[in-house]
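What follows is chain A paired twice: with chain B in the first complex and chain C in the second.
The block that comes next holds the complex of A and B.
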């Protein structure tokens, strides 16, 4: 029997990637290819009062424009189906796509964008989650009455995840440790900026060269936009020049595809690094309030966590993210009483989307610093506090999942050994197989 | 003044979509010359999915790995992969690959049994060939199988699919969601030096250990652990698109205002460790972990800064401005 699994092996196709011969989406060229640039909202919140392309169409090299009216299918995409491909009316964040200009080259298309006479009435935006939750706050999503995401049809705006009785646990505890954690917005900064190439092939199919991280998800989102069945789209992908979650979001495929359909030509749409950094979805900001109840001997008996996530102007992945974050936000610890209150709040920022370690990362950072603060409060060694509370096989997490194949203690023992830290025998004798 | 501090951290990283229901499919085609093409719909973004799925395919087929090529760019014929996210591929895709290999082996064994007029149970698939034990006339190399299949007007493509569990929603009252794919565990030990005059933090050393079920490819595991550190360093110390959050003033629009760590910012000493507790849900015990390599250094850095200065700075990232304000408070 062969035994390749477990062996160190060089990366398949790695040679081409490190020597620069691998072909990425931006390397794809077709004769007669057209280029797209997008007109973006200059304001964080506003209403389009006028959109005049007469000067744009006079710019040398401009082939035409693309607006919401050109979309053969629906002007909707996104995991939660709430984003507009091109937004002709109620602008929700600075940089939101309004329309696109197609040109013989990128300079012409950009000159065309700059020639658009855009009249926008600027409205007061809201950027602070806690302001956005107040009743008199500006409303980010037109047609709604609140800036909080509703997790179900009953209008629940806080996702509760609970185990045991957190009030009783906090009452029983010898110590209460509280902490607020504020975590910033991070960009994916992948080496390959967002790009797409689309064309109609000789069978009349729409072919799209994509760097999607999730071809199946994205194809399902794109078909309704184009009004095409899956068999009419040849979605070519598989190689990604770094994603980190940023390519779980469609930024170019929809607009490139629409332009190819309208102008019956190969079209490339790529963002500059600046556009990518300034306008695309990011790892959104999180604020956590932790209240942990702990006994003198180090046992954690209660964990109450309030989670506030800045979703930006659309859902992105945020509702999913707050729930997933919450399921694990009490850390890899056996805690009998847990209450998670997760909130997704809309503000006038670009949408928050997935990013490496998505959502779980944010909760783990807060949970782990909280553990070190608890150790300090108890005057206990931080290793010992974690050893005492770490999951063993069969323990239960916040949303009542039972953990199996646990290795928290084993990871800690090895790390301590590598760091030259001598753990006491009573800790070294502990195993994840039993308590 | 420069102050040094040391701290550890422990985090988890779950693999698979929340609520499950996230399938992957795979197909393996036998080529006319007896080699194989593994066809998947899985995007390889550098994490190495093509590399490890080829390893799984070679072991499942018991053939030399050189005989397997990977096609993950097949566009409109690619099998479905829910996506290269949620660290799900290492847990889920290998099942689909193994199932596809088993299906292909079944088909080839049945075909060979028909050719030889024996029961399928009499045919063995091993060592890149099929044969009937003890009968020297009834043996074919895979090359002969490939040719023979074409000659008898057959097509041999094995298919397989898998997910950890059907999709479930949270219970509306309790938030209960019982299914999680698998969970990996990371521990870091970090030493930092804080310059209390400039607020700059220098990460001197990072030890990072992951319990990841099974190190399918220890080389790419090492690359993920040490590479993922850069996202963690940036998150902990530098990267913020809205530096005066929640205020939108000075929102970053250029790389000159947004500092992504480079190798120059890497600690002088980095080391990684791997611990393997085979996970019951994974093929050969494997589960995903890599994204967590960006998580585990962050809290260790924050706690090490506290060890150095006595101050808990819980507004991340710990830029010089944030650090100085916290130290002065």
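The block that comes next holds the complex of A and C.
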């Protein structure tokens, strides 16, 4: 083992990458392969009143269309099982797939999409989380009465993480520092746009060439859509041209698979760069309100954090992301009194999904910008404030876990060194092993 | 409307039927099965489709295929292969200058034309020349190291 640890090793499969012979999904081709383009919602919120494919079917090169009625299994997928593969009715975000057109090439399929007579009644959308929480806001999820995700059957919408007594802590503090932090959405923009190739193979199975980042997880979502057991699907992955969480979401495999089943032919469904940017999941937006109680000597005694996460029109990964974010939103600091209140809010935006250091980093960025703000207020060196409050072995985190093997101080010392910042001796002498 | 296009690909003559709207990238990838050049943006922005035409690095997604008539095109597949790697391919592999690998073939092809032009580039020249090749995995430091390692015919 020790001959490998800490030493650079040539990448597994790396020779394929440097010679251009590595096979990514879009590199896969089959004779007679058909191509898919998707008809997407032109509005952020609306109702489909009419859907007529008669002109589409006349377009030269169009082989046929795929609608919700063609789905052999259930028209549901997603981590929380709330997303429609093809939505024929209540549209919740701009770009939501309504139906697909299959053609001999992409130009024909696209011409077919443009020939669809789609009649949509546009409804007023809501894009802002705080607007969406108002009682008279447009309702994103038809059939519900609020835009807040419910975490249990009792209808709990606010997840609470509590340590000590935050009110008492804030009362005892010498200073109160408040701050609001707004984090915008972010796209993964992997170099490989989303794509899928599906066909019925020689064993009669549905074979799908995928760039999924989580094969078994996606296979479990796809089986009910196709109405097939796992043994009837050959889900071939392993080569991902960059994912960063963006390929934790199914964007093409379900539609390509359905088209292959319906038309009994190899099918490729790939997004252009523009489609990939416009229609695939993003790291969702977050807003945080911090209220921190701090003593004159820099010790933080209380932290009250309100977290708001924009889930978009469906769950995506958001309810889980909100919880995970909350657990770390007080930062790697020893704070005896903490109250975190976290909400997941639906809006008519694209469903939010995972991305690098998913959700944890969102809270930590806010927590540490708040630290800088506190330091400024106290007139204290921000390094010193962080060193005083950083976790030591045996401290307790917000959700009552005792931390152990902590390296915050050591990491900060090293970072300062690399940045050419000289820290005062009293900070250099501190250690994560004791306070 | 389709016409016959003849050009030299990695040293061998090829003839292929192309549409007037086909790009060189379409022809290489979809008609000829040379998938080493990648389609990252199809709009000239990312560099993943870089190939060499008559000695110059170009973006295959922007080149209309029919303008390639009689030209010499070299792709990543023409630089070297497993068992017979080009020094840059070896260096990229050794320096870990690839993560997902999707930008890598374009990077190596660009780097080859850099070293053809400037055999001993400075760090600044490498950064400047390679700035048209985007890597979302963030391998830029290792890419520069790999290029340095072979510059001046060192390897």
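Worth a mention:
Please note the rule applied: the second predicted complex is superposed on the first by the 430 of 435 C-alpha atoms of A that agree within 3 Å, B and C clash if a C-alpha of one lies under 4 Å from a C-alpha of the other, contacts with A are read in each partner's own complex, and residues count from 1 in each chain.
Assume contacts are C-beta pairs under 8 Å (C-beta built on N, C-alpha and C of every residue); 3 or more make two chains touch, one makes a residue touch a chain.
Since this is a predicted model, take the numbers as computed values, not measurements.
Contacts of A:272 after superposition: chain C is touched, whereas chain B is not reached. Once the two complexes are overlaid on the shared chain, A:29 sits against chain C while remaining clear of chain B. Looking at the shared chain after the overlay, A:8 reaches both chain B and chain C. In the superposition on chain A, contact of A:240 is made with both chain B and chain C.
Touch criterion met: A:310 reaches chain B, while chain C stays clear of it. Once the two complexes are overlaid on the shared chain, A:171 sits clear of chain B and of chain C alike. Touched residues of chain A were counted for both chain B and chain C, and B has more of them. Residue contacts after overlaying the shared chain place A:20 against chain C, while chain B stays out of touching range.
Of the two partner chains, chain C is the only one touched by A:193; chain B is not. Chain A residues 8, 10-11, 13-14, 17, 189, 240-244, 273 lie at the interface with chain B in one structure and with chain C in the other.
Against chain C, in their complex, chain A makes its touches with residues 8, 10-11, 13-24, 26-27, 29, 188-193, 240-244, 272-273.
Against chain B, the residues of chain A that register as touching in their complex are 1-14, 17, 44, 94, 125, 127-129, 131, 151-152, 154, 156, 159-163, 179-187, 189, 205, 207, 211-217, 230-231, 233-245, 247-248, 273-274, 277-278, 282, 285, 310, 320, 323-324, 326-328, 331-332, 340, 347-349, 354, 356-358, 360-361, 364-369, 371-373, 376, 382-383, 386, 390, 397-408, 410-412, 414-416, 418-419, 421, 432. Of all residues in chain C, only 29-30, 33-43, 45-46, 48, 75-77, 79-82, 85, 89-90, 92-96, 98-105, 108, 134-137 touch chain A in the complex they form. Listing the residues of chain B that touch chain A in their complex gives 7-14, 18, 41-46, 48, 50-52, 54-56, 58-59, 62-65, 70, 72-76, 78, 80-86, 170, 172-180, 182-189, 207-211, 213-220, 228, 231, 234-235, 239-243, 245-248, 251-255, 258, 260, 271, 273, 275-287, 291-292, 294-296, 298-300, 302-303, 306, 312, 314-317.
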